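Please go over the structures that come below.
Look for subunit A in each of the two complexes below; its partner is subunit B in the first and subunit C in the second.
== the complex of A and B ==
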């Protein structure tokens, strides 16, 4: 295998440093390397990668192989952005003593993910600062849905009410404001509990997973072709990105290369998804500080993108376009013309919209310095994507791990340090302009050729990581295949899961009336988090 | 300020005249799949490829029962790729007050090679959208009339404009994107005197998306209970109508009508803003009989 040059070097150094404490090392793909070790090596392994290779722990997840191997597997996914590789540490947890040591004190970024493993697999967390229930609400019976002996269609007693004991903040004049799960706007459900003294927020506790609908378990019960459609419904605003990340994982298991025309069409669709979401968000941020006119223009522009999406893929949210091995629909001259017209018209329209917002001093006044997420906290919490890039996170999978057709272009990644609402909006503004430029470049040089290749029957018992930089941030789909073109496990990681805890920090000291705009500036997916 | 006004004037009116004019969907749009039931001779390939079970078939005693359920369909079009008897149309206005009218069931005689022949019964006749005097999809003129009469009707029945409370009971947020679009200047639902409101206490109509998750079931019931009569419930999207691709599982209770009574179902994944408008207007048409 043609390993990336630095990857082989780092693998060798890791082997030298940890010697026989590493049970096995294998490179499954040029940029995807697996290490096997015991639980007691995790902290050292992690520290070494962080210190020496500027790695970051991009995900922690589990898998149940108790039937065949009498263990659960924990997977620690490290992104080594500078060398463009993923290192994955696999650790066995004995089925008869299911417990694992928390890393959350050293790497707060994995706090929720560890708690989720505890809930869904029944593997007990040791040493976690807050090991209470997270993914399954407090009134759930003692079940662990992602264990293999749990049936998808198990009937559970109905929900009886929230019994989660929220953390109390005490002191003179301190009171609590509960919000949700049913919110005032047209948005997804979640519960926010503000502790305030006067207007400023002292503490915000976020309770999510109201939309948990058994998605990961469902993947294990569907043929992979149906899985693509399920992936489109993980987070509707990222339908194409999630479906493509899922397909990417399948293609990596099958060991096939997607034809170049399909890769370009994928990139164009990913940019269209970025465009309609970013433009919609910019409008929504304006509306949350009472600049409704800007939102009306933004919604009009967003609608124009959605209509072109429909012309290109038959669906306004780009659904139905993704398929393993390529894409489903080709574009004829008229469709490409529609795309070109959209991009040509959108450029000046968007500039004019941003001009309106920039000229409105009362709008800028509400955005500047509001909801600051410092680069330090962002790094500790592992904040990714647009929210990360507004707080110093200089990473983008399109540039660092080129997928789809991003190897054909130079993606400019905007990075700011200020971390306030204004800069989360500015990242979007820059990215909209970059998306338009990228689409122009892709369309100007649209390669001919086939649209898809057949994956054939997937080999069973193989693992692979699929990844896509969605508009919100990095999306991972990690799969383990089962016989008969099925999956034994599909781990879905939406950037929202990573970013939610950051909102609790960004809002501190801000006033409650600014919460909507701070929240919108992150615009995290509940469904993508809850699955 | 001047620039804001200048830009608004330069932009002009962008609002669609729907329903007075047809839904502005692209010819590429995938809407309702149509099955040529009379010439359908094998339901198995399309049933196998259908990700939500919208197309299903079951064999018993030499007979085959094949069905299409638009309340489950996500309009992916995979069935039309494997079966020449199925054709995707761009028709998106599919809302109905009766869940059963979204289902078409046909019975066939089974052949020895596994295909089928001779349709014995088809339970297809009812056109989705034709409910309690509400005009159906093909009936453009009367549907437009309904739109223009709407304001009077709302005033007569409710004595004020219609207020909608939206509840996401577990959706993927795809439906929310399109529902938000109703407030855009392009669809501008307020031209009918219809407003989205922040509280169920103010609402006449509950617009519900998602398969209802176990964690949202109680919240949905409480929201419904907080509304005063007369009230309407509209289930949105494949998931709202039937549970969609999620169906019923340990965390999902399935469609909205598993938890609260539903007056109108709007199929789609997600239904586009035209389809949503059509569904909401259909629901208001039902108010006469609801109270």
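== the complex of A and C ==
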């Protein structure tokens, strides 16, 4: 295996440092290394990677292999951005005593993910600061849907259980403002409980997972090719990114290389998805401070992108384009021309939209210094993507782990330290301009060649990590294959799950009427979180 | 005090009929400035008709206050409307010292509006009411001072008298006193009618609402009364602004020609002022809630300076 040079060095050092406490080390792919160890090594392993290699814990997930090995496997996914590698630590948890030690005290970023494992796998959390129900709400009976002995078609009898006790700030003049789970406007459900003293917010508890759809369980019951369509529906605004991350995982299991033309088309589609979402968000931020003119211009620009999306892929949200081993549709000269025209026209139009917003002092007054997420808190909570980059998170999978065709270009990543609404918008503005430049470069040098390769029969019992930098942040799909071109497990990690808790911190000390614009500047997906 | 049933009836009819049109015009023009086609200018009439036909859903926690508020809001707005000269120089009603009664009745309407928001005990209604009262605490004195400024220059608090006096030669809008009072009243108009940059009448975000938050629990007939009342109040405040400071073209007698001309000129002035409101709403974002008192304080200071200058420039 052609390991990246730095990776081999770090692997060797880890082996030397932990010696025989590491049960096994295997590099499945040049940038994906698996370590096997016992539970008691996790904290030390994590600390070592954080301290010495500037790694970050990008995800924690579980897998049920009780049938064959009488254990659950816990996976700790570390991203070593500087050396462009993922280290994955696998830890067995005995089925007869399903318990695992929480890392949330040291790495608050994994708090929700650990609780999710506890709910969905019934593996008890030890030492978690807040081990309450999360993914399954409090009234759920004691069932653990992601265990293999839980049948997909199980129908639970009607149940009533305890209602969630929300944490509230008490004191004279402190009021509770409940918002949701049903909201005005067409958005998904989530409950926000503000404790306020007058207008300033003292505390915000966010309660999600009202739309848990069992997506990960569904993946286990579908042929992989149908999985692509399911991946598209994980979060509607990231359809293509999720589908591509899923395909990426399949391709890595199969060990095939996607043809270069398909990789370029994928990158262009990812950038188109970024474009329409970023432009829409910029408009939505303007609406939330009642600067409707800017929003209407943004909507017009977004519409022009969506129409080109439809021209290119037959779908405004780029659905149906992704497929394992490449992409489904090629573009002819007229379609390329439409794309070029879009990019050429959008640049100046977008500049004039931003000019309009920047010239509006009343708008900027609302955005500057609102909803500050400090780099320290952002780092602790592992905030990723646009929200992270506005708060000093200098990572982007497009640059650090080049996928699709990003190895052909040099991606500029905007990073700011201020962490307020204005800078979350500024990151979007910079990224829109970068996306336009990237599309221009991709289209100018569009390689010819086949559109996809056949994956063939997937080898069973293999694992692989697929990753894509979606418009909102990094998306991971980790899969373990089963015989017959099926999956035994598909872990989906959307950046929203990582970023939601940060909203509670960003709003502190702000006033309630500023919450909508702070929320919009994060623009997190409910569906991607709940799955 | 003379009560002329014909003038009362006709001005009531004018208020009821014209108020939704002004709201419709503002919405439509705002949409045009945003590159949208926008709803027809008649849309508010259809909305009112729809609300009046619909059943009401009333929270089981609501008391009689909730049901009384829409009537109080609606009737106070109408009463105030009858005390302001619109097409003719003579207002149909003149009660308890004109300006004072107008400010008092507006305050009564607002008081019940806020109570109506609080009564069902929903979080949003309470927030709206508390914000409304915060803003009113500054907007109301500014309104009073600005009106008193004019009252002092003509020597009466009776609107009809003010308007008649303003028709005499020697009245000058561009006199600094009047300009400052006009500016103060214009800001008050924006605040009282829930417009950007103080409130956003077009938002769906409950957390940011002021006026709309108090109406969230209302439906059907009550909502129609609330919306209609708000439109009438807007028309009345605009009428005060245009007729006091730009008192041209008001009918001085009851002849049909005079009345027709007066109505046309009145409409023209109101639409002009609406256009100004639309412009302000379009080019501004909403102020941060805690900045709103700054703007209203500026209006208050302007009004106070206007009042002082009446003595200085005497």
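Some observations on this one:
Everything below uses one rule, namely that the second predicted complex is superposed on the first by the 525 of 531 C-alpha atoms of A that agree within 3 Å, B and C clash if a C-alpha of one lies under 4 Å from a C-alpha of the other, contacts with A are read in each partner's own complex, and residues count from 1 in each chain.
Just so it is clear, contacts are C-beta pairs under 8 Å (C-beta built on N, C-alpha and C of every residue); 3 or more make two chains touch, one makes a residue touch a chain.
Keep in mind the model is a prediction, meaning the values are calculated, not measured.
In the overlay built on the shared chain, the residue A:317 is in contact with subunit B alone; subunit C does not reach it.
In the superposed model, A:293 lies in contact with both subunit B and subunit C. When the two complexes are superposed, the chain touching more residues of subunit A, out of subunit B and subunit C, is B.
Of the two partner chains placed by the overlay, neither subunit B nor subunit C lies in contact with A:417. With both structures placed on the common chain, the touch criterion links A:184 to subunit B and to subunit C. By the touch criterion stated above, A:513 is placed in contact with subunit C alone, subunit B being left untouched. In the overlay built on the shared chain, the residue A:52 is in contact with neither subunit B nor subunit C. In the superposition on chain A, contact of A:365 is made with subunit C only, not with subunit B. In the superposition on chain A, no contact is made by A:341 with either subunit B or subunit C. When the two complexes are laid over each other on chain A, subunit A has residues 184-185, 293, 296-297, 300 in contact with both subunit B and subunit C. Taken together, the subunit A residues at the contact with subunit C in this complex read 175-179, 184-185, 198-199, 286, 288-293, 295-297, 300, 360, 362-363, 365-366, 511-516. Against subunit B, the residues of subunit A that register as touching in their complex are 137, 143, 145, 150-156, 158-161, 181-182, 184-189, 209-215, 217-218, 222, 225-226, 229-230, 233-237, 239, 280, 293, 296-297, 299-300, 302-303, 306-307, 310-317, 319-320, 335, 352, 355-356, 359, 525-527. Those residues of subunit B that touch subunit A in the complex are listed here as 3-4, 7-8, 11, 14, 24-26, 28-30, 49, 51-52, 74-78, 88, 166-181, 183-186, 196, 198-200, 210-211, 213-219, 223, 239, 244-246, 248-252, 269-270, 272. Against subunit A, in their complex, subunit C makes its touches with residues 30, 33-36, 123-124, 126-127, 130, 196-197, 200, 202-208, 282-291.
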